[in-house]
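Paired with chain B in one complex and with chain C in the other, chain A is shared by the two complexes that follow.
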Partner chain A sequence: MRNVWVVATNTFREAVRDRVLYNLVFFALLMMGAAILVGQISIGIEESVIVSLGLSAISVIGIFIAVFIGVGLVSKEMDKRTLYALLAKPVQRWEFLLGKFGGLVMTLTVNTAAMAVGLYAALWTVKHPLERSDWYLLVAVYLILLKLALIVALAMLFSCFTTPFLAILFTLGLYFAGLFAEDLRTMQAISLTPETMKLFRGISYLLPNFENFNVMGVVAHGRSVPATLVWQDTGYAILYAAIVLAGAAMIFSRRNLK
Partner chain B sequence: MKLRQMAGLLLAVLLLGGFAGVWKLQTRIDQEKRSVFVEQDELALRSGPLLKKLSLEYAPLVGAIYWTRVVQYFGEKHRLHQKNLDLMWPMLDIATTLDPNLLPAYRFGSIFLSDRPPRGQGRPDLAVKLLERGIAANPDHWRLYQDLGNVYYFDVKDYPKAAAAYEEGSKNPKALIWMKVMAAKISAEGESPETSYFLWQQVYDSTTDPAIKFNAEEHLKLMKVQLDIKEINRAADEFGKQTGHRATRIGELVQAGLLKFAPRDPLGYPYVLGEGGKAELNLDSPMLEKELMESRPPN
Partner chain C sequence: MPSVAIEIENLSKEYPFGFLHLRKRRSLENLTMQVQAGDVFGFLGPNGAGKSTTIKLLMRLIFPTSGTARILGKSIEDVSMHQDIGYLPEQPYFYDYLTAAELLDYFARFHGLRESDRRERVQRILKRVGLDTAKKIQLRKYSKGMLQRAGLAQAILHDPQVVVLDEPMSGLDPLGRREVRDIILGLKKEGRTVLFSTHILSDAEMLCDRVGVIVGGKLRGVGTPGEMVGIQTQGMEILFELDGSAKKPALLEKAAKTGERYRVQLPEAELYNALDQLKEAGARILSVAQIKPTLEEFFMNLVDADRAQANAVEVSGR
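== the complex of A and B ==
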């Protein structure tokens, strides 16, 4: 596990050096603008807009980082040929992959935590003192982070066997499909045969259900998220990411790097 | 070096001049277009469920944006004194479909829909539909019952339904005690200026939004006029009984001790006694126009 940790911390350092955290400036400007503007152009939704805008921005910025950096984690090392030097040392390929995954998740955690602080600062400008219900936001932020970790795993899986461009397309495609997984399950159509509906139902369980992690609408209105749901979502993300990373490790370990 | 500086300066001047020209030309084009095209309200997508799907996981944010659009649409129409508020319902429908917990959209949206023109669209039926949807999605929020009761009371004038709405809302443990009192009072008496004044006072006290506060304040002023006139007429009737003739000036009622002082309307103009000794608003008072607007039959 030491090897994994070394790769992870190096990946984190590299991301910071690559100015990945610069997006925080954009986020800060967005939140400041929203805090000033919303109260003047709308009625009664200052808090909920700050919350839903902040959470949406955390999610969108996180997805961009997870997809674009996640896809480049392996391919960049191969292009720069630094991977060969690394694998010449006593580092297993799966350890390399897991370390890369851990490093980007670490980056996303720091990034998301900083944005959450910014979100609270913006919220504080329109409402102080903060209420107990405002702390439910942290649950939404945590679930967004789980979603991002899952996206990183998918991006790494695809980058193990295809070009970066296609890996981005596949990851984003699966993300969008995953948002509609529930609809696929509950779809009622007269023209579909029972067999086709069963097939769709099966596919819906195979797809990563990203709607599981969406509680923005709940916390934006100061409502709590059941603890059971948080545990279930955590379990789902860990299990799904583990399956995807195992698949990625399997493909990567068989890949001819010459 | 000097030549390069000159060239840079020239380029800056050209750019500035160019953009000034673009700006000037665009304002001319806008004016020209305004005279050619009649502006039409458009709403490209009217299906809330479809928009919800297209919003992916960000439906609450898009819902808030739509609600902001409703506020802007209403404000713009109000500013231009336009009565056509046809897009109000579709936009509220979309906003509340995208975010069924968007309470301000139900609460303020129902006021925009139900209030009589020019203050609102004059469609209390749609306001009732919106609030019933809001109650179904947020059954714990007793203020929505208050709003439903208000629409039935003020706009639909269906007092049994108004009383039923207040009664239903009063069952919520968080509801204020007056909800139950209102249910009983409206059920027994129907409409009265005192009840109307109290209900508008509740709207005034429960909102922090300046526009809604202003609207409630306008209604409160009209209600106060009704209450003042009722009080003056009561004193004038008493004066008639005591003296055998009707008073012609309010000063007579004060002198007789039937009124403590000569009341003034909310804008500071003294009331007058008109033909038959009945209290009226002063002809110089701007409240007169407001009252006439209020008392005219709906279109």
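== the complex of A and C ==
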């Protein structure tokens, strides 16, 4: 695991030096603006507006980073041939892949944690002291992070066998399809044959169910998230990401570099 | 250490092409050769001959269609063999957000070196490749030559037994080329095996114990530079200057004049007679040298033969 750690820390350093974390400035400005504006226009629902807006921003910014940087993690190294010298070291290709994944997840963790601090600061300006229910936000942030890790794994899988542009399209396509996985499973349409329904149900189980990770509505209204859901989502994200990364490693380990 | 450092057996590589990847282009055909431990081996060939393909196969950057290879007795499939191998890619490009010192430290960590050891090695190697004054500059600000040196540094950082260099002189000015030559000779002196590809034949003649010539994906010959071109002397060449007032020797008719100097080529048997004539005429002899076919001539003959063969196949196929 030493090699994985070495690649991961370097990937994190790359993200920092390439100013990926500058998005935090945008988030901070958004939260400050929202806190000022919400205080003036929404009486009584300031808290839920701030929470919804903040969590949405954390999710969207995170998805943007996970997809675009996730796809570039492998493809950029192949295009620029920085990978050549590295793979001539005693490093397995799967170690490189896992290290890259770990490095971006590390970056997203720091980024998401910083945004969560910004969200609490904005919340504090419209309401203080904070209440116990406000800490449920952390659960929502944690689930967003799990979702982002899964997106990074998918982005890496696609970038292992196709062009960066197609990999971005596939990842975003799968993300949006995954948001409707639950609907596909429970769909009751009169016009569909039982076989088609079965097929849809099968597909819905294969798709990553991203809606599982969305508890924004629950925490925005100060309600708690059941612990079982948190455990289930954690297990689901780990298992799904592991399968996706194993697939990516299988493809990448036999890939001829240019 | 085994007496054979690199063994390649029937290594072939085909690339699929066309819309459905159904057609195949062969870049390397049944390559079989050995590099002895401690040798500097030059891998020669024109662009697209298969040199880089062979090196990439050895470094497992691409995978062979058929055949095997071993380095220091270990299969190229075995990642642990890279503990004892250094590799410089062709036109190297590294993480441009790192400094040279950070890059070397990063690579050294894969070899399990401790921090104090890493620091000492990085300093030593940067000095050896002439980058010690630029070690804190990010690689995005490096020139091509400096990147080449950084690449060379990472290749020899961990004291590998076998060093594989893909076009190490490419992009370097004459001073840089000389420094790389010195490093290669230094590695040989330390008993390391060096395999390097090049299309600059003078470098190969100067550095290599043995060379292999590859053209059109096929190995056309392996041997010492002398063996490759033949040891037969084709004659002698005398370079001399003549005082204007001196008696003109008879051989002057055969000589070519460049500036104040004369150059004459003659059979070896006529050498002493010619020298006597020049002595009598009071000529100042600047040099007497054997005329031998160069590696370049040998190389060009192979390339021409290969092109002629390719044209013949094309014509008969029409």
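Before moving on, here are some points about what is shown:
The rule we apply is simple: the second predicted complex is superposed on the first by the 257 of 258 C-alpha atoms of A that agree within 3 Å, B and C clash if a C-alpha of one lies under 4 Å from a C-alpha of the other, contacts with A are read in each partner's own complex, and residues count from 1 in each chain.
The rule is simple: a contact is a pair of C-beta atoms (placed from the backbone, for glycine too) under 8 Å apart; a residue touches a chain by one contact, two chains touch by 3 or more.
Everything numeric here is computed off the predicted structure, so don't read it as measured data.
When the two complexes are overlaid on chain A, chain B and chain C sit side by side with no clash. Of the two partner chains, chain B is the only one touched by A:F176; chain C is not.
Looking at the shared chain after the overlay, A:S56 reaches chain B, while chain C stays out of its contact range.
Of the two partner chains, chain B is the only one that A:S48 touches; chain C does not reach it. Between chain B and chain C, an angle of 150 degrees opens at the CA centre of chain A in the superposed model, to the nearest 10. Residue contacts after overlaying the shared chain place A:G217 against chain B, while chain C stays out of touching range. When the shared chain is aligned, no partner comes close enough to touch A:R19: not chain B, not chain C. Of the two partner chains placed by superposition, only chain C is touched by A:A85; chain B is not. Of the two partner chains, neither chain B nor chain C is touched by A:H128.
Of all Cα pairs linking chain B with chain C in the superposition, the shortest spans 32 Å.
In the complex of the two chains, the chain C residues touching chain A come out as 15, 56, 59-63, 79-80, 82-83, 85-89, 91-95, 97-98, 106-107, 109-112, 151, 154-155. Chain contact summary for the complex, chain A toward chain B: residues 38, 41-45, 48-49, 52-53, 56, 59, 176, 179-180, 183, 210-211, 214, 216-218, 220-221, 223. Only residues 53, 56-61, 64, 67-68, 71-72, 99, 101-104, 107-108, 208-209, 211-212 of chain B touch chain A when the two sit together in their complex. On the side of chain A, the complex with chain C involves touching residues 2-3, 6, 10, 13-14, 17-18, 80-82, 84-92, 254, 256-257.
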